[in-house]
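Lettered A, B, C and D in written order, each chain numbered from 1.
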Amino acid sequence: MQKIRVGILGASGYTGAELVRLLAQHPYVEIALLTADRKAGQPLQSVFPHLGYLDLPDLVAIDDVEWAGLDLDLVFCALPHATSQKIIKGLLHGADDTLLDDMIVVDATDHASAIQKSVKVIDLSADFRLRDVETYAKWYGGEHTAPELQQEAVYGLTELSREEVKSARLVACPGCYPTAALLSLIPLLLAKVISTEGIIIDAKSGVSGAGRSLRESNLFTEVAEGMHPYGIAAHRHSPEIEQELSKAAGEGVYVTFTPHLVPMNRGELETIYVTLADGQSGEDLRAVLSKQYAEDHFVQVLGEGDIPATRNVRGSNLCQIAVFDDRIPGRAIIVVAIDNLVKGSSGQAIQNMNLMFGFPETLSLEQAPLFP
Amino acid sequence: MQKIRVGILGASGYTGAELVRLLAQHPYVEIALLTADRKAGQPLQSVFPHLGYLDLPDLVAIDDVEWAGLDLDLVFCALPHATSQKIIKGLLHGADDTLLDDMIVVDATDHASAIQKSVKVIDLSADFRLRDVETYAKWYGGEHTAPELQQEAVYGLTELSREEVKSARLVACPGCYPTAALLSLIPLLLAKVISTEGIIIDAKSGVSGAGRSLRESNLFTEVAEGMHPYGIAAHRHSPEIEQELSKAAGEGVYVTFTPHLVPMNRGELETIYVTLADGQSGEDLRAVLSKQYAEDHFVQVLGEGDIPATRNVRGSNLCQIAVFDDRIPGRAIIVVAIDNLVKGSSGQAIQNMNLMFGFPETLSLEQAPLFP
Amino acid sequence: MQKIRVGILGASGYTGAELVRLLAQHPYVEIALLTADRKAGQPLQSVFPHLGYLDLPDLVAIDDVEWAGLDLDLVFCALPHATSQKIIKGLLHGADDTLLDDMIVVDATDHASAIQKSVKVIDLSADFRLRDVETYAKWYGGEHTAPELQQEAVYGLTELSREEVKSARLVACPGCYPTAALLSLIPLLLAKVISTEGIIIDAKSGVSGAGRSLRESNLFTEVAEGMHPYGIAAHRHSPEIEQELSKAAGEGVYVTFTPHLVPMNRGELETIYVTLADGQSGEDLRAVLSKQYAEDHFVQVLGEGDIPATRNVRGSNLCQIAVFDDRIPGRAIIVVAIDNLVKGSSGQAIQNMNLMFGFPETLSLEQAPLFP
Amino acid sequence: MQKIRVGILGASGYTGAELVRLLAQHPYVEIALLTADRKAGQPLQSVFPHLGYLDLPDLVAIDDVEWAGLDLDLVFCALPHATSQKIIKGLLHGADDTLLDDMIVVDATDHASAIQKSVKVIDLSADFRLRDVETYAKWYGGEHTAPELQQEAVYGLTELSREEVKSARLVACPGCYPTAALLSLIPLLLAKVISTEGIIIDAKSGVSGAGRSLRESNLFTEVAEGMHPYGIAAHRHSPEIEQELSKAAGEGVYVTFTPHLVPMNRGELETIYVTLADGQSGEDLRAVLSKQYAEDHFVQVLGEGDIPATRNVRGSNLCQIAVFDDRIPGRAIIVVAIDNLVKGSSGQAIQNMNLMFGFPETLSLEQAPLFP
């Protein structure tokens, strides 16, 4: 099979590095472009010494990319929200003039349309996750500048949207918290075995979820040996979770969602409290999930009594789900564990890539978890 | 003021060490006895090198204690449950013959009654927390052997039971999880600003909560860089929480309670989801709690938007509580942080001791939190 | 290429799990046997849930193995020292009667010799690392029971003993500390650019180096948020390091070696202080090492000023080495980083396996380091 | 005893917070001033929520301090080097015009001299540690602007310079690494039981040693689960250590010094390799140290075989020292553990304060270590 040429925008962040780490083992991918504005001109080694032994292009500023000669098949966009939509609009529509200048060598219209035809985009930012223009504006503090792409984008929760992903030009990768919540809750809502009301998601994440940006709150000394919630009743992943749950339920679903910061690098655990539909039990929920994911390599529905743990999925694209009966009749507790940087971000992005290009879905994602 | 003579039973565990750490600064306490069966004969230094510079008696096996000459005013019991009740029964009733043999030098009856009259006991185990004999048997796997003391014991949640503690002969210190849950929920139930139904307590604890016993699951390599829940819908602190909440509410209260293990030494955080009583808001709850704890040194009710964190209470007897409105109307989120070994165990025990002996309540507990 | 059939003895420890993790991606290996005495009868999933999704044989007690039908090509021995030599002697010589009973179905002599002919052994214990019988007895507290195999065994420091490894029947994998020390020091001694005297190795290791055994000193609470040396001037890796350095130098080399325990799961760092040979500089040492490892995939000799870090090799078979001039004239500082469980143990074992069976040396070891 | 009025300059850093934590329990200290330029106007609570329950003045910018009315007895200066010397010069000499403007209300000369007479300064920066003007310029990248104070300042390694500290107007607190190195090495050099040559200090520090400044290298994700050296053969504490060792030895002493970053908040461990003087043994060294510190509360010289660990001193002003014979004849290994923020910084500063003002030396420093 011929290799595809891939660009990674925002390669100096953790999701960028994780894409490189995983793609380094992909037999059909050639990394042809790595951008990082503040670190432009540096080899990836100076930004991520652990990847220094790989043979990769140096980092370039996004404004200095000579798109024409790159002949990219796919771009992973690991840029901040708001920036992402501008860049992606330029890539797909040729509508961003500044970017267009860089892209065009001979004939702007022809070239832009050439790019438009060929390149696919997998966006790891939040820019194309929400379908509703007003919801986006409210939660992300500004109007969306590519609303037509917002409509076109496929929400890439792989196991539950394979067919749409396969034919997508633009895939919006789910946030890490939504990935864990939706993989467990959507099948249950579709099967109508839980109530749409009173869903409470108590989420815990490792620090890499906060990215590599310089904030006092992310210093080792501020985080180690302690824990606390943040963004209580105000986290941007709430509307994303609600959008997809509502879609599955066929009615408005609203959730209580509280994320916590845990002193570990990687890993995300969600403890989800649900009300059972009449006559349902934890066992019924487990049966629904087991059936849903029977053929899926990455989603493990655990047996009765087995408890998901982030250490069991660390560094891998796996997702562990378990269901427990609560002592309170009519209630159940669902526990989900993923690695926020893999299944919660870069791994799922590559899983989507594999689908979009007809590769085996697990390619370059087969690594077993790293424990201890 | 004259010093009281104190014994610590089970001094080789973490709660025992924490009692020593804190009492070392108490001006009116002399530690006259330290027991530890498996480490008997050793100086405390070999078991806890960090306390080696203190001038303390060597560890002795509990069977080798010569009670008669010790003239203890107070015994802290940091032994496992089941064992605790036997020892305490002996101490208070002279009813345990084996123990009595050790206690009696001249005249068994006289001496035992002498001990019975004078010594007070603060129990850090679970043995005297539950009032109901059957509930104890169900959750702790065996019949209680001192049911009359079970009735006599005062549940030592200090801020909410000061008067009973002051005159108690036997105080049962609350479990770490119940301490955090009850300090926040009891005032709200008393004030009837929350519903008695649908209370969900998602709890996170540092590893010291598991004690110093040798279990594979507590190895550094099993815990570091990961997290997971445990005892889902089956943790022994559930009936304890429910007993006290029910007492406050004047009706049966049942809670969903899920503890999690977090890779940190100390600290406990509870995220509690409640349904508001009609017409109540998060602000109302905050007002109730602020009023309740206005005069209390150790319980901090945080202002709107401020978030409790375990790092803010590490090593101290402080408890931080905050209330947040949920996005879901009619619901609120309460966050509580304590140090499980201090306010959740040994610190609260000493706070009770101070009350029982008429010392200022904060004595030897004034240390500021250790951060970072 | 046909798959080889592999057995892992001692599969419930961390080195055993690490062999499974890495071999799971090896195209030419079939894991046909997993032993673990205390966990016999269990699926690997219950011992290592992170590997539960792999299709592997259940754990069996070593005494219950039916060797005859297994037709193994290779056995990895991850058992404690002393035990290892007995088992391996049985495997290779048929001399251990007890074991022989299990191995023999029809004809003891024939069968044992059949095993003897075919099976190869890679030992991860310390039993076959030392060549000198008395040194072994002194440091490991007992006489060696297979001295003839002790002589036969090849010391499998892969990069520096490729040819011997290729043709070996029994390979003794170096200890984790020796691996880092020897990879950096042997080429320098061979090139005579450093003195044989005054070599000081200050070593730091993550906790997984202590294995999975239940010792109080390995509890999370004992290790997290602290560090300390151990085995000062008395660690068993000293004579192993000295044996190989002496061999390289052609004279007796004695080292100062101090290991430290660091609160991290994986990773080993050695800071080595050496005296330069006359006229040599740090740059000269770097040149020697760069030349030595120019063609080696796993050993990275860093450029001037670049600093090795365990995070740069975590989870991988890489080894980073750097040389620094000391401020004291005539002295240099060498820094080496490996993952103790991979290059320091199971990874190097597989690297040796690849050589012994004619596979590409890097097979199943290409995973990039996991950071963060 | 009357309370002294104390100011803390640079109260938003970790050493500032640590001063507040410890002084909060001092019966004779009133904190009258807290400065922090970037956080000016905020209560300390918003910068250090763990100290929020204390009754303290709000943070002010140093330029906004109204010195005249404060009537300070002592200023702790926890500012960056270079800045410190300017401020301290102003405080002690009235020579900094800008500062003088703020200090003078009525009569500049009178008032400055009033300040000059009364106020004492304990500097936690590096500005007054080095005596040699050129060495300072070389290592700190700029000329010293208060060379006369550089000469006057007393190097406040408390146990070894009590008399000078008692009468000092300006005390320069030693760096954290020098504190551990000098407490162990100076008595040995004075007693001439070790050689002045070939001293190698391999140092390991928790991350709080790097302060609270925003650097990518201090993010949790960059530090956790890994370790590495830094400042190899180039750390600014080298000349400081050499200055004091040379003074003790009466000749030039040069050391090899390599610091490492360890994933823990607090704690510093130094493993020091020395050559014994003729006829000396590890036991002799231990005897020298034991005699030296026989009367000192904070320095613990451990018995043969006992190993210092940072967990044994965490949060306390203690220093543990132990001596081990190396296997190489004529060599010994010294291990020292301190808490870098306490004995290595703020604790030692307070210890000096106690001496300067005639308080008992251990006042507010008696807290036992926090373990686990």
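Here, a residue touches a chain if its C-beta (ideal position, glycine included) is under 8 Å from a C-beta of that chain, and two chains touch if they have at least 3 such contacts.
Note that the coordinates shown come from a computational prediction; the quantities given were computed from them, not determined experimentally.
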item: Minimal step count in the chain contact network, chain A to chain C; value: 1
item: Furthest chain, CA centroid comparison against chain B; value: C
item: Higher-contact pair (C-beta pairs counted), A-D versus B-D; value: B-D
item: Distance from chain D to chain A - Cα centre to Cα centre, in angstrom; value: 46
item: Interchain centroid distance [CA atoms averaged], chain A/chain B, Å; value: 42
item: Separation of chain B from chain D, taking each centre as the mean of its C-alpha atoms, in whole Å; value: 38
item: Chain A residues counted as touching two or more neighbouring chains; value: 14, 207-208, 221-222, 224-225, 263-266, 309, 311, 314, 371-372
item: Residue numbers on chain D that touch chain A, as the complex places them; value: 14, 207-208, 212, 214-216, 218-225, 263-265
item: Residue ranges of chain B in contact with chain A within the complex; value: 198, 200, 202, 204, 206, 221-222, 224-230, 232-234, 238, 254-256, 258, 260, 262-267, 269, 271, 273, 307-311, 314, 324-328, 331, 333, 335, 337, 371-372
item: Partner chain B, residues of chain D touching it in the complex; value: 14, 17, 20-21, 24-25, 48-54, 207-208, 224-225, 265-266, 300, 306, 309, 311-315, 318, 366-372
